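Next come the structures, one after another.
The same chain A turns up in both complexes below, where it pairs with chain B and then with chain C.
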Partner chain A sequence: MSTPSAIYSNPSTTKHFTINKTDKHTTNGKTTGPSQFVLDAGIIDKDQPSTPNQTYLGDLRSQVTTLQDDLNEFLTERMQRENSIGKEEEWEKTLLDGGE
Partner chain B sequence: MNLFSFSNIEERSETNWFSELKIPFETAKQSKIAQNTLQPDPILRPADIDVKYSTEEEILVIKFDAVSDRVLRVAISSVLESLKTVIETIDEFEGKFDEYLQ
Partner chain C sequence: MVSLDNFVKPGQKSYIAIGLEGSANKLGVGIIRHKLGDLSQDNRAEVLSNIRDTYITPPGEGFLPRDTARHHRNWVVRLIKNSIKDAGIKPSELDCICFTKGPGMGAPLQSVVIAARTLSQLWNLPLIGVNHCIGHIEMGREITGAWNPVVLYVSGGNTQVIAYSNQRYRIFGETLDIAIGNCLDRFARTLKIPNDPSPGYNIEQLAKKGSKYIELPYTVKGMDLSMSGILAYIDQLANDLFNKNYSNKFVFNKETKEPNFTIEDLCFSLQETLFAMLVEITERAMAHVNTTQVLIVGGVGCNERLQKMMELMVLDRNGSIYATDERFCIDNGIMIAHAGLLEYRMGQKFEFKDTVCTQKFRTDEVLVRWRD
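Let's turn to the complex of A and B:
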């Protein structure tokens, strides 16, 4: 059986995401659920995912969580880069023509 | 007429950000259940994102077509959250004898 996979593409780039079956995967995603700030404030996460069963579908749920983390991190990084380019362009415009 | 299809209400913007996910289930029946469960979810901003589901035997294929990385991220994460619930539900209930309905 294969593992979950994803392909991302835009006009300038293509990236493949694959899941290594031998890595450890859990249902507790890094990019989902409450933030560390909220948890540090003492909030109990009542929507925490259940522990996966020792079955094929239990493993699949953990692997999908890892894939979701990978995609979220990749796309967040791209969004941040896009934002910083926008800010640089804005700053350059302000410097050159007073923002007009 | 499909009442759940809103794709004609708003004119589609230009979309250039694509993603294709392949989720391998154990059987073709499971991948079809996942497709039929996720597909009716209406797309909230059809002008910005299009999501298509299909199956290739036991593999569920999900194609996203979006106007930006931001829209793509929100859509993928939302679909995967629902997908994890579908996987968990099949895992918990498939093949189990329902003693309460006997």
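Let's turn to the complex of A and C:
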């Protein structure tokens, strides 16, 4: 059976995301849990995904969760980098032009 | 008279639809059966299953789109399985899959649309996108038997007075800012009372213990109303009461420093003021369209005090009031199944690319093909 894959592309970059079948995959993703805001508010998480069963669809659920994690981490890192570039430009502008 | 069976398949005796609702913090799945022929008191829609799971946040917190969407994503398959089991049918017996197209919160709506689209491909069934407000109205009419009422639609996200005319549910009056349920929910957050089973229900229970009416701003503007100013005002009173701000002479007695009212009195006063405003615009809409029926739908419609106040006004006009209990008032999947099935029976079809959701979708945008 094939595994899920994803492609992210924009004018400057293209990235392929694939799944390694031999790795262990679960439906509890690193980036698909409750938000930090509700965790800080003391929520008891009753909305976890069910554990996958040992079928093709069960495996697919786990693999898609891993794929989603990889994509989320990639995009978050990308956004943070763009933000920091923006901040550097802002800082440079403040230094050179007095913020005008 | 509109016929609902122009598109019936040969040999078909009834229609069955599944409805998925998730425009806010409730995820609902319902399955409905319509027999052939027009819906009437002798040919009622049959509710085969109607289940719901609510995303509940800690006291003092509202529900955020991201976490609400996660709740829906992680529960939707389990709810659909239970719903099919409850109904005692096989997916192959379904005629169509109905989902909430809007209005609502973007991320939760999307989670449910994706589930509906997946099922549609898995089971090879057509999809019907349903306006959430139309779902409330049609289910309210079906359950109560109200034929042509003025509809008061009151919930966490909507406050509208609606009447039917020329194949549209037309909005006669509505909120200019926040919805009534939002006003009550946010006051519940200020009071830090539990969100279980719902903040509005807990305010209603506190209000029953209140007796002193505190005058609040009364903001009816023609056929519309405004509630954000009332909320800001009552929030300030509650905060002063909590923080023991003795300098506020309205809240505390100057000499004894005893509070002039309680939290229960505030809940009572908020309900009385908001509901009086609703009754006023509903009465005016009744006079406009010359009807004696009022149907209350939406989550706030469960509030017994609102039902009572509306009843007093309606009885004065020799009319009848119609309301449903929490199974059908609060967001549910069965209303989406019912309204979607009416659309389906009129031959409405959606291309797969059009089966998307939208946060803004006004009640009067829908052409009501199934009524004269």
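In this section, the second predicted complex is superposed on the first by the 92 of 100 C-alpha atoms of A that agree within 3 Å, B and C clash if a C-alpha of one lies under 4 Å from a C-alpha of the other, contacts with A are read in each partner's own complex, and residues count from 1 in each chain.
By our rule, contacts are C-beta pairs under 8 Å (C-beta built on N, C-alpha and C of every residue); 3 or more make two chains touch, one makes a residue touch a chain.
As the structure is a computational prediction, the values presented were derived from the model and not from experiment.
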* Determine, under the contact definition given at the top, whether A:49 touches first (chain B), second (chain C), both, or neither. => both
* Asked: Which partner does A:26 contact after superposing on A: first (chain B), second (chain C), both, neither?
  -> neither
* To do: Tell me which partner A:94 touches in the superposition: chain B (first), chain C (second), both or neither.
  => neither
* To do: Using the superposition on chain A described above, determine whether A:78 touches chain B (first), chain C (second), both, or neither.
  => first
* To do: Tell me which partner A:37 touches in the superposition: chain B (first), chain C (second), both or neither.
  => second
* **When both partners are placed on the shared chain, which of chain B and chain C touches more of chain A** => B
* **chain B/chain C common contact set on chain A** => 32, 49-50
* **Parts of chain A lying in touch with chain C, wherever the complex brings them together** => 32-35, 37-38, 41-43, 47-50
* Asked: For the complex, which residues does chain B have touching chain A?
  -> 16-26, 30, 59, 69-70, 72-73, 76-77, 80-81, 83-84, 87-88, 90-92
* Footprint of chain A on chain C - complex, ascending -> 55, 57-58, 60-61, 64, 66-67, 70-71, 73-75, 77-78
* Report the residues of chain A in contact with chain B in the complex, numbered from low to high. => 1-11, 27, 31-32, 49-50, 53, 55-58, 60-61, 64-65, 67-68, 71-72, 75-76, 78-79, 82
